[in-house]
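A quick write-up on the structure given underneath.
As written, the chains take the letters A, B, C and D, and residue 1 is the first residue of each chain.
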Amino acid sequence: MSLPSRDKIARRAEQEIIAGQVVNLGIGIPTLILKYLNWEKRVQIHSENGILGMQSHCSRETADRNLIDAGGGYIDLVKGASFFDSSLSFALVRGGRLDIAFLGALEISARGDLANWMIPGKYTPGIGGGMELAQKARRLIITTLHTNRKGQPKIIESCNLPLTAKACIDRIITELAVIDVVDDQLKLVEIAEEATLEEIVEKTDAPLMIPDRNLPQF
Amino acid sequence: MSLPSRDKIARRAEQEIIAGQVVNLGIGIPTLILKYLNWEKRVQIHSENGILGMQSHCSRETADRNLIDAGGGYIDLVKGASFFDSSLSFALVRGGRLDIAFLGALEISARGDLANWMIPGKYTPGIGGGMELAQKARRLIITTLHTNRKGQPKIIESCNLPLTAKACIDRIITELAVIDVVDDQLKLVEIAEEATLEEIVEKTDAPLMIPDRNLPQF
Amino acid sequence: MNKVTNIIDAISIIKDGQTIMVGGFGVPGTPFMLIEALLQQGTRHLTLIKNEANEPHLGVSKLIEAGRVDRLITSHLGLNTTVLELMHNKKIAVEFNPQGILVERIRCGGAGLIGFISDIGIDTVLSQNKQAITLNGQKGVVESALRADVAMIHAAVGDDLGNLVYEKSARNFNPAMATAADIVIAEVESIVNTGSLDPDTIHTPSAFVDRVVEIGKLQDEYGILEHHVFA
Amino acid sequence: MNKVTNIIDAISIIKDGQTIMVGGFGVPGTPFMLIEALLQQGTRHLTLIKNEANEPHLGVSKLIEAGRVDRLITSHLGLNTTVLELMHNKKIAVEFNPQGILVERIRCGGAGLIGFISDIGIDTVLSQNKQAITLNGQKGVVESALRADVAMIHAAVGDDLGNLVYEKSARNFNPAMATAADIVIAEVESIVNTGSLDPDTIHTPSAFVDRVVEIGKLQDEYGILEHHVFA
């Protein structure tokens, strides 16, 4: 039996992480990466509220009232973790010390723009730390379902929703494909075992470069 | 036998400090205030290099290689002292948490301008923390000999040397007098026991308001 | 200079119409007892500066729900649908900042600076109404410093001089806010003898703190939120 | 990710013409061993950023005296007549900053910002050549962020991940510089097992540090300077 789509995306996303990297995991699918994380890589997970070295959500028994991630969940720590204030936490992000941010998306444009923080008139909860993560992580990887709840493509020619950041995306990982943003163009680099090229093209509403060779599967 | 001039100034300056205040003592006469400081006031002495709660210079025996004041001297601490980085140290100064800075002067203008950091072509060692202390301490008190080495007045109509900060001085304490800067004017408020009004006026090269009453002595 | 006082006296300096910074990111670091005392005092027309608005019926949300807050400067309200609804119904004015820009504006105020220049949000709606500037060829927008009349913060440990130590993720906005208000009130879980804190481990030096309140046994609000236990 | 390396390898990444930040305020916090290794390596045409230039024949003064430094961005040289003389003889270019502005520019670079706005020195010669700006009615000048190719810093204790703890007044410029360079090399007096540092007491989190060098028994340079014993 195949994995649920979200798990498939998270498992594939985990492979992006190189040993020793500093990584921030947004809410949703990004957080699911923890489930597949190979801790031998000694990854340092950053949480915006002032933690480096968080491990994973913990049980009621070990939950500490003073130890939550940026989403509010109770967490435990790896050895060598540290705490700091919000100011240093974002210095780390903006100053270039965050190797990868994994974030979700509402819309993705053909040039790698990201919109994921507001739907005017409907959903306006504020930006939180997302704009700085999107704009300043050394590598921004979007983990998202290929289509929205209505089945419409999330990857579109240009975003209709207010942007989180312009031309910020390096790679997109969905349940169907891995797509890179190269020179302001989208390039298909991997195909899911369960997917076909036709399906990917159909569900992507933006120009997609398709290399003239067999693509790796995941 | 009377005190040396520098000691007389330092002893008088100490009386400016109110219990619990946060105080920075510049190099020279200001540092000499420590000799007269009543520690029952629980004064918190700030040092620019990242110390709150320094006490006084210490002996060779108790000197710690990692514990110096901004002038380089080895110091000891009061109970409740703290260490912090240079950035927070100047946040404390600029952010309004320094109650008094005591500094020396090369020149003082009739409006309370201070020049104490450079003599173009002769003495240009850099400003250090002095500009921020002069400009941002809640109260800036100048402790200085009334005249320079050549016997010329330090208090003059307007400064010839490059300014440290404009209209920054609240009070001037010399071996002869205590002078306040009130509404951009100099006002004599105390006279040294050893001094006469004539001497003070003669050695002050700027207009000096002299109240029509007996002034306190010190 | 003993800064330890009781909570009613500490809060009494807060007046109608003032701007109040409140520490905390979620439950950790939120000064629930100070917030409760402010609610009891009845102070109105406040401007609050806080990362989020806690969750419905908790922390600053209680002040907002009671109509005491005219304006909220914040980063994210995703966990507080009650306040979002009050915002949509124009019962409260909300100004959103990127989280790191919010704390940086507070730090900037605390550091006695006027503003800073950043490129965060430069290609987004958030750059509207901000002064554009180019420095050394880099394009940015000007962000202004934030200060408050009063900061209410939470620390794990304090001494009578006002030195503070925070615990784990309860540090968050508290150290920056401790620098950025005319009067800083810290609630602490326990007060220790002055001199017993290692000077290298003090997070907020005493000079920044005006009043210290010991809160004693922690009320339920400080505990684990069951709906945030995910494993 | 074990970042512990030997001093020669650590320093080998520094190239001619680069900009180097060096921690320390006087002896405390100055990375003498890293400076010595850089001197031995022979690297030239450096721009140094340091609070002061240590004292003659000590620390960075050795690099300057050996002609390796073209430019120095600093706050105060009052204790180094040798470097002042080199400056007057135009053997080295010196840029002076108010001390708190210097560290703030470094912090600003480390925080990924472009610059900040301050009123320090606004009525003085130091405001010449700086862009003037008015924000919310306050007049200021624009100060630009500072970053370096490499920062060389000193800490008391480190672990193999790069977490650092500083001691007493040896903290000074080190934490800010640790955020503001592309590569950060920390010399530490001792390396402890990862996990043995209390996460609440770590001053510089591991993410900021690239290489950790253990310096072992302290050389004489780290000791008490007899001419600064005043009591």
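Just so it is clear, contacts are C-beta pairs under 8 Å (C-beta built on N, C-alpha and C of every residue); 3 or more make two chains touch, one makes a residue touch a chain.
Computed from a predicted structure; not experimentally measured.
The chains in contact with subunit C as well as with subunit D are A, B. Note: the chain lying farthest from subunit C is B, by mean C-alpha position.
Rounded to whole angstrom, the centroid-to-centroid distance between subunit B and subunit C, based on C-alpha atoms, equals 36 Å. Averaged C-alpha coordinates give centres for subunit A and subunit B that are 56 Å from one another. With centres defined as mean CA coordinates, subunit C is found 29 Å away from subunit A.
Shown for subunit A are the residues that touch two or more other chains, namely 83-84, 87, 90, 93-94, 136. In subunit D, the positions touching at least two other chains are 104, 107, 111-113, 118-119, 166-168, 171, 199-200. Every pair of chains in contact is given here: A-C, A-D, B-C, B-D, C-D. Interface of subunit C with subunit B (complex): residues 1, 107, 109-113, 159, 161, 163, 179-180, 182, 194-195, 197, 199-200, 202, 205-208. Only residues 19-20, 22, 42, 44, 46, 52-53, 77, 79-84, 87-88, 90-98, 136 of subunit A touch subunit D when the two sit together in their complex. The residues of subunit A lying in touch with subunit C in their complex are 47-51, 56-60, 63-70, 72-74, 83-87, 89-90, 93-94, 124-132, 135-136, 162-166.
In the complex of the two chains, the subunit C residues touching subunit D come out as 104, 108, 111-119, 131, 133, 135-136, 138, 140, 142, 144, 165-168, 171, 199-201.
Taken in their complex, subunit D has these residues touching subunit B: 25-29, 51-52, 74-79, 84, 87, 94, 96-101, 103-104, 107, 118-121, 123-126, 156, 166-176, 203, 222-226, 228-231.
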